[in-house]
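This is the structure, below, for whatever I ask next.
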Amino acid sequence: MQPLANITPLKPAGAIEVRNVGQIFKTTTQDVVALDNVSLDVKPGRFVVLVGPSGCGKSTLLMMMAGLRQQTSGTITISGAPIPEPDPNRVGVVFQEASLFPWLTAEENVEFPLALRRVKKDERRAKAQDALKLVGLDGFGKRHPHELSGGMKQRVSIARGLVQDPPVLLMDEPFAALDEQTRMTMGDELLRIWAATGKTVVFVTHSLTEAVYLADEVIVMSPRPGRIVDHLQVSLPRPRTYEMLSGDAFGSLRDRIWRHIRKSA
Amino acid sequence: MSAATLRRLIVIVLIALWEILPRAGLIPELFLPSLSSTLAAGWNEAGEYGHALAVTLYEVAISMAFACGGGILLGAIVGSLPRPRILIMPMVSSLYAVPLVILYPVFTVWLGIGSESKIAFASIYGFLPTMLATAAGIQTIDPQLLLAARSMGATLSQRLVRVIIPAAIPTVLSGLRVGGALVIVGVVVSEMLISSAGIGYLISRYRTILDSPHVFAGVLLVLAMAIAFNAAIKWIERKAAIWQTGTRAGQTAAEEIAPSTLQPAT
Amino acid sequence: MQSGLGVKAARVAIVVALFAIWEILSRTGIVNPRLLPSASDTLVTLGDLLQRASVRKDLVVTASEVATAFALAVPVGALIGFLIAENRYFAEVAKPLLFFAFSIPKSIFLPMFILVFGVGFSQKVGFGFFSTIFIVIMSTTTAVESVKVEHLTVARSYGATPMQTAFRVYLPSMLPVLLEALRISMIFNLTGVILAEMYASRDGIGHQIATWGENFQMKQLLAGVVMIAVIAIAFNELVRWVETRCSHWRT
């Protein structure tokens, strides 16, 4: 008696599955293998960081998870279904900098994805307010991007990514343009928001320290062709603190990633 | 002394010299009539100048609609499509090297010496630089903005209406500025060459009878028109200042094309 | 230009197509051939015109006016521009004034040149000079400002003399901008001289074109337009070609 055996278990919201994904860029002279047979599982609610030197395909992989680009081979599923095009109900994306619309206020920027779906004004406003409050920008909604600091702009971007309450948040080097101090503060802020919302986060960065500091798991990638060379579990306790940066556990994780990167560079 | 003070001083001195030098007989009144006699000449014939101004403004308004409308539209299309851009833009900028004023006689043969030939000439005169400026500006729209909109599920038409058009506003303004300035020049030059009405015509008519104060009154009127137009555009640009940050380097792009296309060649 | 052979062929095709449309419009009578003589007729007329001594003389007159105005405007303008750009205070005082002078239509001052110089060589050269000098000044200040402070600092820290700085830092950094400036100044200069000739003159190709227009000699008029367009474009392309050869200096 096996009543449930042939029923596929529902994939929980926020799970990401990458299976044998390859990406080939065709140029006039040759074909460049950007990603080669990449497989990866991200469980719901995990904070996963992709790290690796330029050209390792980490951003490409992220764009494919966002439905902004299609892989040449293999499959990607988000919450159990493929993602042939961007779906803001399942995935929110946060870009580097300057992806806020300069002619809209912070509030209107956050409302933008809702406005695209013709959500009613009051509902839009209320959701945007909640999202701005979540990222700690209560009261800054009426400002335009050029009146906000770099860190604040990225908070608005995060609020915009979260406003439709997708289970997955993809972040493409979101803090790369910020100075060191702001970057540390934003890292702590992001961890707080992540803890409060329980989203699955996939985060791309160049910074090894940032990778280890934020992540549950670090995926190390190497270029030409882009592939995964290591998958580390970061077992440092939460909440993460500044003191951990100088600890042995932190240092050895960092060293391990660095050795991979040095080898591939 | 601050630079701005000195600058104001220089302007005041120049205006004062304009009055003093001819009066003192250091410059013949035929070459440069004094400011007061110029203003007096203009004031005495206010009716004639007013009528001429109306004719010129009418021609400028219609030409501007053609030049700016067409230039911005075509520039936007050519600038946003890579293939036509690579193909056409170098050709358009070669064409810019041609002194277009040689086309005016052709238009007078085709359309007569009335307003039509002026409008045709000024429209063409303003069209090319407007198109170049717009096409160059459209390319400076930050691709990140489009990517972000796409990630939020914006459709093609939503991207056009909500991203590309607002981001193109500074470009459109600089196109307007370029095209408008050239249209004014085009209309006045063609009136000066062959016509029977308008400020340019007045300037030329008074020139042939060596009536310098009336010539300069006309010149002043055209200057006032050009300055008023510039001020109007600047005012609009300030109103839309937030937009300026919408392109990757909207400002620099505008400055880059500035020396080549921003201003009338004559 | 990195444009491939296909793009070049396509451009040639566009030009040929335009001439073909012109030819067809006129030949089929869609447009009155008296108002628009066919392209082939126009080109034949152009060939005839180039044989005529009077037209050649006009071309020589125009060319000498253009050359004289250019030879005067470029060094004078460059010197003024350099002096302004070198002194920050001067620059702050003068730049808005220059911008203003640059932005007002020059053509309305043409009558003044006739009043002062009468009709003749000096009036046309004078106006050509006047139409050109502001763009030369503006471009020179831009060129001087395009010299990177870092490069100057490096040169100074290695003990470069003023002469060495001028020839090893200023000149190479400014060269591409200056070439571009020369090209654009030439456009302004040519337009100025031709307009002056069309407005009031006894000779020069601009004067000829205006006369053909007044006498409804469409074949000659269009041939003249084609001739000037070809000369202007050819010169422009020549300078642009030199520019791209120097483009590796640009960063």
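As written, the chains take the letters A, B and C, and residue 1 is the first residue of each chain.
As a convention for this text, a contact is a pair of C-beta atoms (placed from the backbone, for glycine too) under 8 Å apart; a residue touches a chain by one contact, two chains touch by 3 or more.
Model, not experiment: these values are computed from the prediction.
Participant: Could you draw the chains as nodes, link the ones that touch, and say if you get a line, ring, star, complete or other?
Facilitator: Contact map by chain: line.
Participant: Closest chain to the protein's overall Cα mean, using per-chain Cα means, please.
Facilitator: B
Participant: With centres defined as the mean C-alpha position, give me the chain A-chain C separation in Å.
Facilitator: 54
Participant: For chain B versus chain C, what separation do you get between their C-alpha means, in angstrom?
Facilitator: Roughly 19 Å, centre to centre.
Participant: Report, in whole Å, the distance between the mean C-alpha point of chain A and the mean C-alpha point of chain B.
Facilitator: Those two chain centres are 48 Å apart.
Participant: Under the touch definition given earlier, write down the residues of chain A that touch chain B in their complex.
Facilitator: Per the stated touch rule, the residues are 66-68, 85-88, 91, 93, 95-96, 98-99, 101-103, 112-113, 115-117, 144-146, 160.
Participant: Hey, which residues of chain C end up touching chain B in the complex?
Facilitator: 1, 3, 7, 10-11, 14, 35, 89, 92-93, 96-97, 102-112, 114-116, 131, 135, 138-139, 142, 180-181, 183-184, 187-188, 190-192, 194-195, 198-199, 206, 209-210, 212-214, 216, 218, 221-222, 224-225, 228-229, 232-233, 235-237
Participant: Touching residues of chain B toward chain C in the complex: what are they?
Facilitator: 3, 6-7, 10-11, 30-32, 86-88, 90-91, 94-106, 108-110, 181, 184-185, 188-189, 192-194, 200, 203-204, 207, 210, 212, 215-216, 218-219, 222-223, 226-227, 230, 259-260, 262-266
Participant: Where on chain B does chain A make contact in their complex?
Facilitator: 142, 144-145, 147-155, 158, 162-163, 166-167, 169, 242-243, 245-246, 248
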